[in-house]
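Next, two complexes with chain A in common: one pairs it with chain B, the other with chain C.
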Partner chain A sequence: MTTTSVPEQEGPTSGRRAALWRQVMPLALLSPAVLVTLAIVFFPMIQTAWMSLHNYVLFRPKNFDWVGLQNYFNIFQDEVFWISLRHTVLWIVITVPAQALLGLATALLLNQSFPWRPLARALIIIPWALPSVVIALMWAWIYDSNYGILNDLLLRIGILETSIPWLANPDTALYAIILTLTWQGFPFFAVMILAGLQSIPQSYYEAASLDGATPWRQFWHITLPGISGVLFTAILLRTIWVANSMDVIFVMTGGGPGYSTYTLPLYSFLEARTNLNFGYGSALAMTFTLMLLGIVILYLKRSAKAVQ
Partner chain B sequence: MKRTISALALLAGLAPGLASADSTVKFWYHFDNPENPMGDLVAKFEAENPGIKIDAMNVPWNSYYDNLYTSIVGGNAPDAAMLKMFALPRLLEMEALEPLDDRIAAWQGKDDILPNLFDLTRAEDGNQYFLPVQYVALYLYYRADMFQELGLNPPQTCDELRDAAIKLTRDTNGDGKIDTYGFGFRGGKSGHEHWGSFTLGRTGVALDASLTSDAGVAGTQFVIDLFQTDKVFPPSAPNDGFQEIIGAFKTGVTAMTIHHVGSSNDLVEVLGDKVAATTVPECGGGRWTTFGDESTAVLSNASDKEAAWKWISFLSTAENNALFNTATGQLPVTQSDTAAWQGHEPRFVEATQASLPFAHLLPASSNTPEFVNTVWPANMQRALLGQITAQQMNEAIAKLFTDD
Partner chain C sequence: MALGRKSTLNRVLTVDLPMLAILAFTLGPYLWMLLTSLTAESELFTRGPSIFDLVWSNYERLFANVGFARNMLDSFIIAAGTVVVGLTLSVTAAYSFSRFEFRFKKVLLLQFLLINMFPLVLLILPLFVLMRQLGLLDTHFALIVANSTIAIPFSVWMMTSYINGIPKSLDEAAMTDGCSRLQAMRKVILPLCAPGIIATGIYIFITAWNEYLYALTLGGQNVRPITVAVQTMIGEYQVQWGLLTAGGIVGALPATILFLIVQRRLVGGLTQGAVKG
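And now, the complex of A and B:
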């Protein structure tokens, strides 16, 4: 057995050393994480901002001409930017509330007592656990106008007379992908809200029942305030994720037909990665980052408050 | 001391051999075929060339060039890769390719390569960077049984194609719903090959300012009319890619489509003699089809260029080239393999040969990949859906090529 000897206090020098160590140690322990974050998050962000001020096309790597804010001026005259912005707004304001509502309903159901509840709780996580590409390919086949199960089902029960090319029709393509993303993302809300529900003391409901509160009033006055904190954080976090999410769109339609499913992250990605126009692509990414900054600041403030 | 010097001298003498033994060629390629014989080719090459290892990586086609360009800029490019001609201008601008002229001149296999293939794959600066490894030309697939049932002949002109497509678009089981469409149009990526056959063969039309001429606009309008007015494409056409057009043709959802010999074995397996082929129709005074090239090249960053050259020349040598093309389903580039070729039913090889006189490559321009990847699909889809006119679509494409 080994023992660790604690050095005796030998005066003001060792006291100062211990105090200094207490100050330095947290920083030393944090520094690897901070360094990694700086290298893989902040450095690329600064690089993106710098590239956005240049005319930089990847297949002409020697030409890196300073253009100032020209890329940003071009963005505001770019028809595809405005189309993408409109789609991005629709994408966020439909997907996040839909996921939240579906997640809330699921969490309330899973909070009830019923046989096989642990299994149901485990199964509900499947859409969230599946890779986005698998989900996108699966739903693309579901929507397929020739062999898709959705058309087949709707034709059989007589809702449709002819198949609808859900992903090839500009009126339905974006909403079809929104439904896919809603299905993928609602388990996140369900799990978060379920955790919130379990933290509400049962005695509140018992007291409310004795006072004659209806289930709806119990939900409104006990459940909702009880989960409001977790719900708000989840909505903020999910808004940032959904806003940035483009993998499902990329696999399902690639932005088409035409620009019908272009969102700003996808447009930025296609400009940079496919057209190799890193200058303009970076300017698009920076513009979108600035737009999202409000939500990010709100989330950071909330996180800081929670830590305090 | 003497012993130490002797040992060092021995090591120094062995050093080149050791370096050679460590030589690894990183090779990128793209095969759709799951029965990938690359392992057999690599094993054969490594047995013939001890000291050279091949690290062959099958990169998915959809992101092949995105990955390649970024790997070049990122300093992590392969030593050799399968490449198409449309990528050549960009790769030259990036100074990413090694000239092969001297090596080809000294290569025994050069005389066995089919005539004209070196000319077709020569760069505008007069150098040869590409070594051909396979080729195809696109032609029209049609359902012979459906044509026979309706008493139709294979279409030789755009008008005949339209007429046949209208007749072939029908409800075959009497449930009041269309279950066969005349033509399977590829509105997604690479669909410019279909559009090109209806547009670029017209007199005086090419991928330049002439696209905005009456003849050029008439070509695009012809495609739009087939979709919007005649309704002979499946409704999913604006988004359809390779899987969709071949899948629909196999299952009888479409009666015609355009593709190359690469899909013929798959189609024959399902449809047998019901599938036939002919050249793309003559439209507006001429014919145009895509020459589907594929070559290999040594990249300028290759650590051992000689080893990389040995590997790519091995792939374009008789017998090896036949094995390579058995996997890709395309046609060999060597005369000896062509003479003995039994990889496809003769009717599809004949349709390919008949298409060669009017088969074209896309322009050697840095903007061609942008045309293929984003400008054509986005504008064609918008035009099909009535969001822009044929004139606007052609103007967008012409602008891309004239702004260069």
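And now, the complex of A and C:
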């Protein structure tokens, strides 16, 4: 952004205009994207915050009464909120590590050389490409209490005496969905970790094995430090997305039976969709977003470093 | 020789077999769905799915009775519209991010990343209220707008990283030859970006095609994308798993094929966190 680079043979007026253009052009090129995101993302978000301070139920659209922070105070008295929060935490701390470990194992295998590696690599990401609705449908069929293949297999092996209605049983429903989400998300880890593995120079391993390091020690001292950056980024990203993801739960159980598969974003969504209570639903959405913000900021800081 | 055979056996035990096990877990549910969809409904609860007599009847019923073709058209219009919006807005922005230094550049770039981190509920509630007030519920337009909230930030990041990979000396050479900055962008950089634009466009298409919650909330009787149609079928045909799984296979097919085509290009955008999981 220097004016000195303006060619000198041009007159002073056109030189100034060219300099001004040079200042403005980057912003002019940016403005369509920025303005549209302001209109369709940031403006609606402010509206959510605004709605959360009102008593706003959609079947009485005339009533839009200011209630201040009352919705937020109500949240802390709300038993369903605490149930949903507990499920959200369980949901994250089981799903993300399960996806990470399975993804790590897959990536380590895909990093070996074997004849059908390209095929395996292409097939492994199929779960990732499928629509959540189809994933939910597919697993609902697998879990089906009468004709589902899971019960069928477990009965045949003799692990089960009678078939279990996996999704209709409050004790198993959440874990059944967690398995589904693990299945959906582990290819993401596999692909990312694989990219990390391939950036480790082969010479490190050669030197280590010359020094007599066992495969386990090589993994611990070369592989793990080599992928730690990628792994950490992937875990942050995945935590955010797993926390946010509610479409699979919504289709598989709709939060039921009872409240046994409620998570916070789902609760917020159902409050608005089923009860049409947009004020309280917005307050729930805001609360959940604020809780997630810590992880989001951590992730943005890492990305900011990468940008430079 | 002996050593070679031993190490092959070793490889099969430590690599091929575990890989096969993981692939069985990965593909099993999908193949099971495929097999179910090819089994006659009457057989399903008596003998169960089997690979010996496969039939197309579920697929025929799907298109004849359920009207799936109409839903696919809706999905296509929305996904294609989102691709157009996402790409036109993001290419110039990406060029600007890649080639210029200006104040607040980092903040602006990071805000695009931030958008993708927000929970969907934060946007879905106000967008519903907004579209309702504007009388735009149940239109393709509403869903294109909603999907653009995901597509624009994603493609800004993808395209910025793609243009970063094109040497700046090319723009400079074009400008030395008398092009203006905008001409250099349009005539030199844009053609070189074509593979990146195509990959980004395909990924936007897949994401919009697969999207469900916006489609459910902002769609309705007139505009019903395939994902909503599949979910509605779950309610209506609970016992007809043959028909349901056929719907699942058809609904997932376009995205699956496209995904396999572009998967390699996505890894770059992935490691920067731009790709929605």
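Just so we're on the same page, the second predicted complex is superposed on the first by the 286 of 308 C-alpha atoms of A that agree within 3 Å, B and C clash if a C-alpha of one lies under 4 Å from a C-alpha of the other, contacts with A are read in each partner's own complex, and residues count from 1 in each chain.
As a working rule, contacts are C-beta pairs under 8 Å (C-beta built on N, C-alpha and C of every residue); 3 or more make two chains touch, one makes a residue touch a chain.
Computed from a predicted model, the values in this text were never measured in an experiment.
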Partner chain in contact with A:T214 - chain B first, chain C second, else both or neither: neither
Chain B versus chain C as contact partner of A:S228, first or second or both or neither: neither
More chain A residues in contact [chain B versus chain C]: C
First, second, both or neither for A:V296, with chain B first and chain C second: second
Partner chain(s) touched by A:R273 [first = chain B, second = chain C, both, neither]: both
Contacts of A:N244 with chain B and chain C, given as first, second, both or neither: second
Partner chain in contact with A:L29 - chain B first, chain C second, else both or neither: second
On chain A, the residue positions that both chain B and chain C contact, one per complex: 58, 144, 146-147, 273
Chain A-facing residues of chain C, complex: 11, 15-16, 18-19, 22-23, 25-27, 29-30, 32-33, 36, 44-45, 48, 85, 88-90, 92-93, 95-97, 99-102, 106, 108-115, 117-130, 145-146, 148-149, 152-153, 156, 181-182, 206, 209-213, 217, 226-228, 230-231, 234, 241, 244-245, 247-249, 251-252, 255-256, 258-260, 263, 267, 270-273, 276-277
Residues of chain A defined as touching chain C within the complex: 1, 23, 25-27, 29-30, 32-34, 36-37, 40-41, 44-45, 47-48, 51, 58, 102, 105-106, 109-110, 112, 114, 120, 122-134, 136-142, 144, 146-147, 149, 152, 183, 185, 187-188, 191-192, 195, 230, 233, 237-238, 240-241, 243-244, 246-247, 250-251, 265, 268-269, 272-273, 278, 281-282, 284-286, 288-289, 292, 296, 299-300, 303-304, 306-308
Residues of chain A touching chain B in the complex: 58-61, 144-147, 161-165, 167-170, 253-260, 270, 273-276
List of chain B residues in touch with chain A within their complex: 66, 69-70, 73, 90-91, 93-94, 177-178, 187-189, 234-240, 244, 247-248, 251, 253, 366, 370, 373-374, 377-379, 381-382, 384-385, 387
